[in-house]
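You will see two complexes here that share chain A, one where it goes with chain B and one where it goes with chain C.
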Partner chain A sequence: MDSQSNAAIRTAEALVDTSAKPSGTEATPDACVSAELSPPEEKSQVQSRTPVMIWFRTSGPRYLVRIMALVAAVLLWELASDNGFSFYVNFENIPAPSVVGAALGAELAGQEFYLHILHSLERVAIAYVMAVVLGVVIGVAMGRSRWAEDIILPYIELLRPIPAVAWIPLAILMLPTEQSSIVFITFLGALFPVILNTVHGVEQTNGLLVRAARSLGASRTAILWHVVLPGAMPSIVAGLAIGMGVAWFSLLAGEIISGQYGIGYYTWNSYTLIQYPQIIIGMLTIGGLGTLCTLLVRKGCSPLLKWQARGGRS
Partner chain B sequence: MKSSSTLATITLCGSLALFAGTVSAETIRVGIGHQSMVTNTVSGGIVLEKLDLLKKHLPTTGRYENVKYDIVFRDYDSGPPITNQMLANKLEFGVMGDYPLIVNGAKFQETGRQETRFIGLTGYNLRGTGNGIVVPINSSVQSLADLEGKALSVPVGSAAWGMTLKALSEAGLSGKVQIVNQSPAVGVANIQAGRIDAHADFCPWSEIMEFRGTGRKIYDGSEAGIPTFHGIVVRERYAKQYPEVVEGVLKATLEAQKWIQENPMEAAVKVSEWTGVEKEVLYLYFSEGGITTAEASIKPEWIEAMKYDLDLLKREVGVPDLDFDRWVDDTYLRAAYQAMDLDYDALVSSVVDTQPNNPALKPAEIWFSDKGIVTFESVADMLAAADSADTPIYATYVYDNLTGLKLFGKAAYLVRGDDGEVVAFLKKADSEKHIANYGGTPVKPESALAKAY
Partner chain C sequence: MNETLMNDNRLAVLDHSRTRAKSGKPGAERGRISVRDVDIVFDTANGPHVAVKNANLAVRPGEFICLLGPSGCGKSTLMNSIAGFVPPSSGEVTIDGEAVTEPGPDRGMVFQQHSLFPWKTVKENVAFGPLMAGVGQNEANSVARTFLSLVGLAAFENAYPNTLSGGMQQRVGIARALANYPSVLLMDEPFGALDAQTRVMMQENLLDIWREFRNTVVFVTHDIDEAVFLSDRIVVMSASPGRIIADIDVKLPRPREQSLLTSPEFMALKRQCLDLIRQETLNAFQQQNKAG
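This part shows the complex of A and B:
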C-alpha cells in the first residue's frame, strides 16, 4: 500500500508544485519531480525579466494548448451528436454542446441554478473544514504516536474503500437532518485522503532535524510546531487538494437524498426526468466547481510551502 | 511444424463452423426492464421471469423456427433508468408506472429518430389507490389540512407526485406545504426515523409502511380520483420487425395476470419470496377486492387519465409533448387476446371498481399461518376469531366502510356499534363521525387486533 500511495502522493505534490511555482525552481527534492513533469524549456527561461512576461512566455502557450484541446473536444462532440455518430460508442441520443449551451443559458437566466450551487458550496465548505481539522489532527497523532496509529489505522483501512453511495441508508438513520446526512457523506470522502497524507508527511520527518532541534533544547511542542509540521506540509497540502476533489464527488452521492437543492441533486433529479442536457450541465458544473475549489486550496496553501523554496537553496 | 499447421487449420475450421452456426440461427433479444418492487408491474416482469412464461409464449414457428431467444430481465427501482436503457437500444420492453410511461413516450418522440409504443397494462386501480400520503406512526397529523406549513416528500415525476399536487390544490394547500423530492427508499427511511412530516408514494410503499407499523396513511390516492396503473412500452422499430414476439410477451403477461387473479395467496407468497415485499402487503394488492386489478386492456379511462397527467408533467417539469394517437397501440394486445380466446372489447368496457360493502366480498379475512386465508361474515366474527386464535396470524383484512378500500385490520379504525357489529374506517376522522352519528365505541388498539398484525 505504501509504495503505491507514495507514488500517488508524489504525483500530487508535483502538481501542487508546478501550479504553486510556475517559474520553476529546481533545488528542493519535490521540485525535482516537477522538473521531470514540466518541459525543459522552463529551466532556461528562469532569468527573463518580469514575472508576468515569464508567465506569458512559458505558461501562456501551454494554457493556449490546453484551451484548444478543450475546444477541439467540444467540436468533435458537436459533430458526433449532430451526425448521430454510432460506432461502438453511440452519440445518437447525446445532446450536442449547442443544445447543452442553450439549456445552460436558460438555467443561468433563472435563480434556481444558483441556489443549487450555493447549497452545494455550503455543504462542501462545512464538510471540508471539518475533514481538514479532524484529518490533520488525527493524521499528526497517528504519525507521532505508534499507539494512535495502531488503534486508528484499522478503522481507516476498513472504511476508506466504502463508496459514498453505500453510506446513504445509514447516514439517514444516524443523523438528525437531511443536511447533516449529506455533509457527513461529503465529510467522509474528504477525510481519508487528508488523514493518510498527513500521516505520511509526519512520518517522513527528517530524524536528523528532530535530533538537532532537541539538542538545541526544543520542547516536544516546539519540535512538532517548528520541525514536524513544516516538514509534513507538502504532503498535507497534497492531501488537502485530493480531499477537495473527493469531497465533490462524494457530494453527488450525498445529494441524491437532498430532496430540494444542490448541484448533485440537480443532476440526479434531471436523470429521473430524463433531461440529458441538464444532466450534462450538472456534471460539468460539478467538475468545474471541483477544479476551482482544488485550485483555491492549492493557492491558499502555497504560503505554507514558502520555506521549501528558501530552505532548498541553501 | 506440420502438426502445428494442421492444428491451426483445425482451429480455423472449427471457429468458422462456430461462426457459421451463429449466423444461420438468428438470435432475437427480448430485453425487459421492470420494477419488481412495484406491485402493479409484477405481471409484466418478475412473474414472467420466475415462472419462465416467455419460453412458453414466444413464437417458434414459421420464420421463428430456428430463432434463438436471448431473454434478458433487468430489475430497476424506478422507471427512468429503464427509459434510459431503451433509448440506448439495450432493452426492448419497459414496464413502468403511468407517469414514467408518459415521460418515456414523450422523450422518444422528442428524439425524432425512434419511438415507443404503449401496448398494454400490467395492473391498475381505477380510483388511484396504491398512491397514498403517509405520516410517521406517532405523528399528530390526521388529515391533509394538518400538513399546512409542514414538509412532504414525494418522488417527483411519479404518479404519487401527480396525486399529491392534485390533492393539495383541491384542499387549497398549494404552496402551503413544502414539497421535497425523494426516492421511495429514502422517503420510507425518513418516515421510519421521523425525519419528515409526510411522504407520498406509489404502490406498495404506503401499505408497506402501514404493515411495518412505521407509518400511517392519512390520504388515499382514491380521494384524488385519478386512475393509477402500470403498463408496458416497446421500442417501435423492434415491434414492427418482430410483431409476433411482442404478441408473445403480451400473452405471457396475460397468463401471469390470470395466475395472480386465480391464486392471490400463492402469488403473494411467491412474489414475496422473489422481491422481498411482505406477502401480507402483496395479498392486500392481489386478492379479490384488493388494490390491484391485474388486467391488460387499454381503456379510454386510461388515456383520459394520461392526458391529465401529461398536462401536469408539461406544466411542472417541462416534459415535451406526446402524440397519444401514435403512441397508444393495442393491435398487439388484441392479437394476444384473440390467440388466448378472450374477448378484448368486452374487457375494455369492464372496469373493476371498489364499492362500499360490496356484496360479492366477505367483510373480513384472516391469514392464518397454518390454515391460510379464512373469510368471515362480519368484522366482529373476525375479531373474535383473531382473539381466540391459537395459531399465529400473518394479517387481517377489512374494508373501509365509506369507500370499500381493502385495509389491514391493524391499520383500520374500528368502531363497535351498540348492536355489537364492527365497522372499519381508513381514517380516524371518519370513524369519529360515524360514532357521532350512529353511536358506538372505538375498538381500542390495545384489544384484539392491534396485537401484531
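This part shows the complex of A and C:
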C-alpha cells in the first residue's frame, strides 16, 4: 500500500519535472545557457505544491476505494454474524463487529490492554534492534567475503525454514528467563530477512562505482561506507521492513509460551477462556501494530533512499 | 557557452592547482607517462587472450593524446593499465618515474557513463576526492563548488545525478576527476554515449578546461573526428592482439573550433586515420574468415 502511493507520488513528480525542466538541455548552446541560468531553487516552489494536487487527483480516489473495500468487508461480516450465516463457513459463533467494537471499548477503558501492548512492543523493540544490527553486520560480511559466506550460509539455509513455534521448546530449555526466550524467538524471525537482503544488496555492488572510488583515492573502508552500503541500502531497507513483519508474527508464537502480558499471550489466553471478541481484538491489534511498525521502518529509512526519487533534491 | 565558463573561479582553481603540485614543480612538469614493452594477457575459458601486445608509449607532461582504434582493440585495457586497474602481464608502466601498481588520485578517471555515485549530490560527488585526500569537509565543499562552476554546473550542486542529462553528468564526472588536481587525466570514451551535438559541445568544453590546466590527457575513442579535433597526437591501435600501429602528430593550431572540422589539414589527418583503421578492420575480417 505504502510503496504504491510512493510510486504514484514519484510519477507525479516525474511529470512535473519533465515539464519544468528544459529537456534535452544541451541540444543547442542557447538551451544549455538557459538551463544554467535558471537554478533549480526556482522550480522547487512549483514542485512542492503540484505533487500534492496531483496526488489528490490521482491517488486520492484510490485511497477512497481502499477504505470503502474495508468498510464493505466489515458490513458483510456484521450481516453474516447477525443472521447466523452458515454455509460451509460458519459465522454463528463469531461475534459481530459491533460486539467486538463494544469489547474493544471496554478494553481501551481499562489498563490491562495497554500493558499487553507495551510488553509486546518492548519485546519487539529489543529483538528487532538486535536482529538489525547483527543481520546487517553478518550480511555485509557475507556479501564481502567468500569465507564468511561459505561458513555462515549453511546455517542460514538450514535454520531459516524452521517456523518460530518450533523453537519454543529449545528456547525454554536454553535461555534463563521467559522474557529472553520470547525475545530470542522474535529475534530469529527478524534476523533472516535482514541478513539475506543485506547479502543480496552488497553482492550487487556496482563495480564501475568501486573503480571510480578507487581512482579518487578511496580506501577499502571508505569504499564500504561510501559505495557498498549506500548501493545496498534499497535492498537492506526492504529487508528491514520484511523483518519487522516477521518479528510480529514470531512474537505471537513466542508469547504462546508464557508470560503474564503481551498481545500474543492475550490472544492465546482469550482462546483458552473462550472469549471470542477478545480473540478478534488480539488478532487485529497484532495486524495493526505490525503494519504500523513496518510503516514506521519504511518512513524512517526513506531519507536514506531519497536519491532514488527522480527529481529529488536535498 | 564558452563565455559563461570564463569567470574568476577559474583563476582561483589554477592558483590552487599550482600550489598543490608535488615537490614545488610547476604543474606542467608533472604527468610524464611511460609504457615500456607492455603485454596484457587475460585468462579466458578459451585459453589466454592477448589484449595488448608489445605496447610502447611515451607521453610528455601536458600532452593530449588519443588512443584510437576499433572496438575491442585493447585501447581501454591499455589505459586501464595506466590507471592501475589492470596490471601488465609483462613490461612496465610508470608515471613521473614511479611504477604504477594501483589506482591513485594522481590519475583522474572519467568513464563512459553512469559512474557518478547516485546517492551523492553533484557537490558531494565532486567533493569526494578531496575528502578522501584528507582535507576537511568545508574545504572539500569549496573545491567542489569551484570545479562545478568550471564546468558550468554550479546551480545544480544539490541535484542528484539521476536528475541530470547525460552531458551534464559527464561534466560532473570531469569536475570530479579534476578536483583531485591529477597530473594525468584518463578518459575512457567519455562522450561515447552522448548525442552528436552534445558531444561536439563537450569536446570544445574539454579543450577550454584543458587549456587552463595543461595536465596530461589520455583520451580513448573510436571516433576519428574526435581524436583529430582534440589531440596533439593520435596513437592508432590494431585489433586482436592490440598493437600500436601508428603514432600521428596532430599539428593543428590551438585553440580549436568547430570550423576546423572542414579544413584541408583536418581532412588530410582524418583520411590518414581512416585508411589505417580501414586496413586494420579488413585484416581483422580476413583473419576471422580464415578462422571460420
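In this section, the second predicted complex is superposed on the first by the 255 of 314 C-alpha atoms of A that agree within 3 Å, B and C clash if a C-alpha of one lies under 4 Å from a C-alpha of the other, contacts with A are read in each partner's own complex, and residues count from 1 in each chain.
Just so we're on the same page, a contact is a pair of C-beta atoms (placed from the backbone, for glycine too) under 8 Å apart; a residue touches a chain by one contact, two chains touch by 3 or more.
In this text the structure is predicted, and so the values were computed from the model without any measurement.
**Q** A:Ser215 contacts which: chain B (first), chain C (second), both, neither?
**A** Touch partner of A:Ser215: chain C, not chain B.
**Q** Is A:Trp307 touching the first partner chain B, the second partner chain C, both, or neither of them?
**A** After superposing on A, A:Trp307 lies in contact with chain C but is clear of chain B.
**Q** State whether chain B or chain C is in contact with more residues of chain A in the superposed arrangement.
**A** The partner making contact with more of chain A's residues is C.
**Q** Applying the touch criterion given at the start, work out whether A:Gly287 contacts chain B, chain C, both or neither, answering first, second, both or neither.
**A** The answer is neither, since A:Gly287 touches no partner chain.
**Q** Let me test your reading of the model: by the given contact rule, A:Asn269 touches which partner, first (chain B), second (chain C), both or neither?
**A** first
**Q** Between chain B (first) and chain C (second), which does A:Pro163 come into contact with in this model arrangement: first, second, both, or neither?
**A** Touch partners of A:Pro163: none, neither chain B nor chain C.
**Q** Just to be sure I read the superposition right, which of the two partners does A:Pro51 touch: chain B = first, chain C = second, or both, or neither?
**A** neither
**Q** Common interface residues of chain A with chain B and chain C?
**A** none
**Q** Show which residues of chain C lie in contact with chain A when the two form their complex.
**A** Those in contact with chain A are residues 1, 4, 83-85, 102-105, 107-109, 111, 114-121, 128-129, 132-133, 152-153, 155-156, 158-160, 162-163, 165, 167-168, 176-177, 180, 195, 197-198, 201.
**Q** Sort out for me which residues of chain A touch chain B in the complex.
**A** Contacts found on chain A: 84, 90, 92-93, 168-169, 172-173, 176-178, 256-257, 259-260, 265, 269, 271-275.
**Q** Write out the stretch or stretches of chain A touching chain C in their complex.
**A** Residue positions touching the partner: 17, 24-29, 32-33, 36-40, 208-209, 211-219, 222, 226-227, 230-231, 233, 307-308, 310-314.
**Q** For the complex, which residues does chain B have touching chain A?
**A** Going through chain B, the ones touching chain A are 78, 80-81, 83-84, 87-89, 103-104, 107, 111, 113, 153, 155-157, 180-183, 185-186, 189-190, 192-193, 195, 317-319.
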